[in-house]
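Each of the next two complexes has subunit A plus one more chain, namely subunit B in the first and subunit C in the second.
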Partner chain A sequence: MSDTPYQHLRDLPAHHILGTGTPMCAGCGGLATLHQVYDILGEKCVIINAAGCMTLLSVYPCTPFHGSWLYTAMASAPAGAQGVRDGLDILKKKGRLSREEDLEVVVLTGDGSANGMGLSATSGAMDRNLDFLYLCYDNEGYGNTGQQYSAATPHAARTATSKGSLGYPGYKKDLFAIWAAHNPGYVATVVAAEPLDLARKIERARGLSGPRLILALAPCPTGWDFEPSASVEIGKLAVATGIWPLKEYVDGRVTHTKIPHPRLEVRDYLKAQGRFAHLFAPRENRKMIAEIQARVDRYWQKVD
Partner chain B sequence: MYRIRFHGRGGQGMKTAGRILGTAFFLAGFEVQDAPRYGAERRGAPIFAYVRASRNPIFERGIISRPDLIIVADDHLPAMPGSGVLAGAGEQTVFLIYSNEEASLWQERLNLQGSVFTLPPLAENELRFRGAACAGGAAALLAELDVELLAEAVREEIDPLGSELVADNLEVALAAYAALAVNRGTVHEGGPVSAIDYASPDWLKLPCEETLLSAPAIHAPATSEMSQTGLWRSERPLIDESRCKRCWWICSTFCPDGAIQVDEERRPHIDYGHCKGCMVCLNQCPTHAITAVPEEEAAAQGEKP
Partner chain C sequence: MNRKLLTGNGAAAWGARLARIDYLPAFPITPQTEIIETLSNWIEGQELECRMVTLESEHSMLTAAGAAAVTGVRVFTATSSQGLLYAAEMLYTVAGWRVPLVLVNVSRGLSSPITLEPDHNDVLAMRDCGFLQLHCATCQEVLDNLLIAYRLAEHPRVRLPVLVNLDGFYLSFTREPVQIPSQREVDRFLPPFEAGSISFRGGEPLSEGVTVLEGSAYSYFRYQAHLASLEGIAVYEELGQEFAKLFGWDYSALECYCSEDAEIVLVMIGSFATKAKEAVDRLRETGRKIGLVRPRLVRPFPVAALRQALAGKKGVAVIDQNLSPGKGGILHGELASVLYGTPEAPAVLASFVGGLGGRDISSEEFFEIHKVVQRAVATGITPEPQLLYTEEELRSLRKMQSVARAVRSNQGGGA
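Right, the complex of A and B next:
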């Protein structure tokens, strides 16, 4: 990744171009991701947005973007991207759009859409080798409708539809692996709490063509139940505990871009969030915490 | 029928307040509707919840437009037209405002015709009980609700969140009730609202435009900046220039809203028109150059929002 202009923290953009005044919650990790990504991508992109919290970014007459934004049904943002890409290509062919005027087509969806009803459209877009960038902000639930569980909700988390002492009984889907299995141009995980790693990956994706997919962990104070001011800390903890591995997939190979060493205990991450409070009170659920730790350990054993 | 609106910010427990009061009415034998407004706004943004209670079946639906009681959990809200605190307030509308200022001051300031009561807002560490405080205060003003009903309703609504929380919420709700109990029965039921006498305003008739003209296309960049999300804030982050090391712009990169820009001399500037007060910058600044100051204090120091 040394091929990008982002070598040091001081190389990060000092000027921020995403408009302020959006209705995302204070401390929103998804918005933090988008504003960092947009700084790297620049103004010349079209955003194709599936239903989710980010739908509210552009509500007439307000938009934080400098260019076009298209709203699609929750299942179909990648299909919308195909239409926009085709349209741009036709204009180019007819000589009505120069190379310099061409736009990057960017899909923006939440995890609910990406892991669930939007997965088929994403798979199809990859089959067709669509030239687009997909940014999924993963707040691990259906945030916009009150944080019901999604296929990306982690085991044991409390959601609006997974209450009680055990929380969500299922396990988080491995979307990175599912995407990578399609052998697209690029896949990476990022988190706004690691801005240099994020900048390098977005810059790298920008320089490639074909399907490029970015999965961003998006700490969500509202859905995860923590103080907005802790948004970045939670993201850092996710990396430091190994819960959120930072990695990328290029040319059939997965590389970890930051290996936490030593790895903090996952309980540090869990304890910081209200959605896991039932694992600590009224009694500490040692068994469940140990199980979550063991899954993380198993993951890193394969990496080390 | 009683028509009651709770105004607060997302995250301040107005939904809980509505549920507690609704349950208390229900236990008293009323038919009840209670609901938060489902809106596009987020934590920190102005929101409201409402309760209707009647001895008869309730056929009214939707937002309450003629409230008998308005509870304001955050005294920054009345100054924000978008919060809709004053919407539909008339002679018989009673106000309960969580504020350190005198009721008479609010009465004059907002030109209110009905009775106004104030209670001091809760301390910072008690903010999460604000919903219970509002419900307790509201119950005290209603003749049909007594302490037992209030306590039972708090237990019922808070119990799913854990027994410890029940005790704390109860304490806060009962304290608010006690503080206002002498005013019991101040709020009166409003009469039926009928659409029969509705006269439509003098609408302007607009002809249909061509689709391309009337389709919602936005022709300017970043128009979201017209929305003043700075109003969501209850505390303001202030940068102490002498402590700021003009690092590699940590605060400006981490600010989720991009509300901090850096000038050529690497000095960070917070855009208070849009900073939502999340305090991520305060938490991340390595030299602790940023402090949080309550909005009214900052305003008193002449810092313009």
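Right, the complex of A and C next:
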């Protein structure tokens, strides 16, 4: 990714354009991601939002966005992107909108919409090769309603609807692979704790066309049960333990952009969060921790 | 002006074509599909410059329709029945965006039991969503009201999406002679959409559909939409007159047929009202003072015009092609709220439910309805709501069931 202007941290935008004082929680990994993404995209974009935490950013009569915003519904933000993209293209063709007035169409949803009821609309948008950027902040649960489990919740995590000793029995859905199977323009995973990697990927996505997904792990202090000040550390641990592989898909090929070496044990990541506390107390659930470690190891064996 | 035999669906497609729509988000569903197929063929043949996109559901279709309308292009879309309900969330949402677009609904009964044939439960389920609703009785009305619908939706005093309804099968697939105006004539009535402040563009940021966190702001926007919808009544009347000047026939929120001197009045919406007219003619021939009042506008509801049209009548029969289980006919309740407490309200307001799932309403049934209301006028007692169903129908249904049972037992199955 040497083709982007972001070689060093000092190359990142110094001017921040997303307004502050939003109702997001302290330490919100999703908001940190959005800050970084918005700084690079600039205000010439229209954000098409689905129901989730970020819906509370634009509360009448104020908005932190300098660009445009359209809230749709939980299931159909990509269809909203279709309508806006088509509308803008029609206006351009008719000479009613100049090239300078054109906008990048950006879908912004959480993992609940992206993995669940919005997946049909997302898949449809990819069938139609819609030119749009999709930013998913993945806080691994229905965060806005108090962190019930979603299809993106990791195995064993305690959520408001999986409070038993084993936590969530399912496994996190592989949204990256689902997108990649559609052969879209671009798919990448990011985390706000790795801002240089994130900036390069946004810059790369900007230069491509078609459907493009930025899937951001969004550490969530309230949902994952950790101190807001630990948000960046948790994000770094997710990468360092190999739980959250940083990668991108372009032209049918998946490339890992940061291979953790040596990889830390997943227990370092799990132990830092209250949602996994039941794996360590009253007694350590070695079997479950080993199973989680084994899944991560299997993933990286395929990469190596 | 060119006279041609067109189906209701064909008339809807012609209306959209003449309105010079820019964008057509689509999804097929019976009995609407002919509309999008016709438009698609015109687009392919370069007879219509329009971008068509088939979405993966009606929910997405309405989302795309509303979102495109926010950019300031002219949008048309169409659906029916299950599709309308699948899109229901977005009908409410898009109405709140206060953007103009036109949606044709080809009425069809709702599941279950699943059916393809028409009644009005689908469109009346969307009564409260904020879309204006125009209900058509003929293919000509479908074409004309599509043109009027764009003027209405785009009118600065309204700025709300409009739903144009036509009945599945009875109108959608029935050919009638339709006057198709020339593009030049239509352009004079319906100029290109001046979107004004409705636009997404670089340098002019706009937020749509933002959250409100308390009841006061929410109420403010809901009341605004309601008051704008009410404006639609006067605007529709103005447009109806303007239409008449250009095309020679007018439109009004209410169609009143022989109702002025009538003692008993039938109230209906949609294409079955043409059957009611026929029954009115036959009853008039025998000296009965009967008429018909048909609201073309269901939202906004032409309350003042209905009060005026029905003031001093002895009896009113509301014929509902819909059923709200546990209550009855939806329009009947609407009429009761219009008339109650007004000085010259008819003493008898009778309710009849019929024509569900494509079932016909025969002339004999209209005569019977007249008889029931006449009796009620004489006694002063409004009868209980009646569900139209004949003994012969019940016999034939029972026969169908017994045939099925016989077949099953012949095959060795249980009864």
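Just so we're on the same page, the second predicted complex is superposed on the first by the 304 of 304 C-alpha atoms of A that agree within 3 Å, B and C clash if a C-alpha of one lies under 4 Å from a C-alpha of the other, contacts with A are read in each partner's own complex, and residues count from 1 in each chain.
Here is the rule we go by: a contact is a pair of C-beta atoms (placed from the backbone, for glycine too) under 8 Å apart; a residue touches a chain by one contact, two chains touch by 3 or more.
This is a predicted model, so every value here is computed, not measured.
Touch criterion met: A:Tyr71 reaches subunit C, while subunit B stays clear of it. Once chain A of one complex is fitted onto chain A of the other, the partner contacts of A:Ser120 are limited to subunit C, with no touch recorded for subunit B.
Applying the stated contact rule after C-alpha superposition, one finds that A:Gln82 touches subunit C and leaves subunit B untouched. In the superposition on chain A, contact of A:Ser209 is made with neither subunit B nor subunit C. Legend: residue contacts after superposition of the two complexes on their common chain; A:Thr63 is shown touching both subunit B and subunit C.
Of the two partner chains, subunit B is the only one touched by A:Ala26; subunit C is not. Touch criterion met: A:Glu43 reaches subunit B and subunit C at once. Residue overlap on subunit A between its contacts with subunit B in one complex and with subunit C in the other: 43, 56, 58-60, 63, 65-67. Residues 10-11, 40-45, 160, 162-164, 216, 218, 221-229, 232, 248-249, 252-262, 266, 271, 273-274, 276-280, 282-284 of subunit B are the ones touching subunit A in the complex. Those residues of subunit C that touch subunit A in the shared complex are 22-23, 25, 51, 53, 55-57, 59-61, 63-73, 89-90, 93, 200-213, 217.
Those residues of subunit A whose C-beta lies close enough to touch subunit B in the complex are 8-10, 12-29, 31-32, 35-36, 43, 56-67, 163, 192-193, 195, 221-222, 227-233, 281-282. Taken in their complex, subunit A has these residues touching subunit C: 43-44, 46, 48, 55-56, 58-60, 63, 65-73, 75-84, 86-91, 94, 96-97, 100-103, 120-121, 123-124, 127-128.
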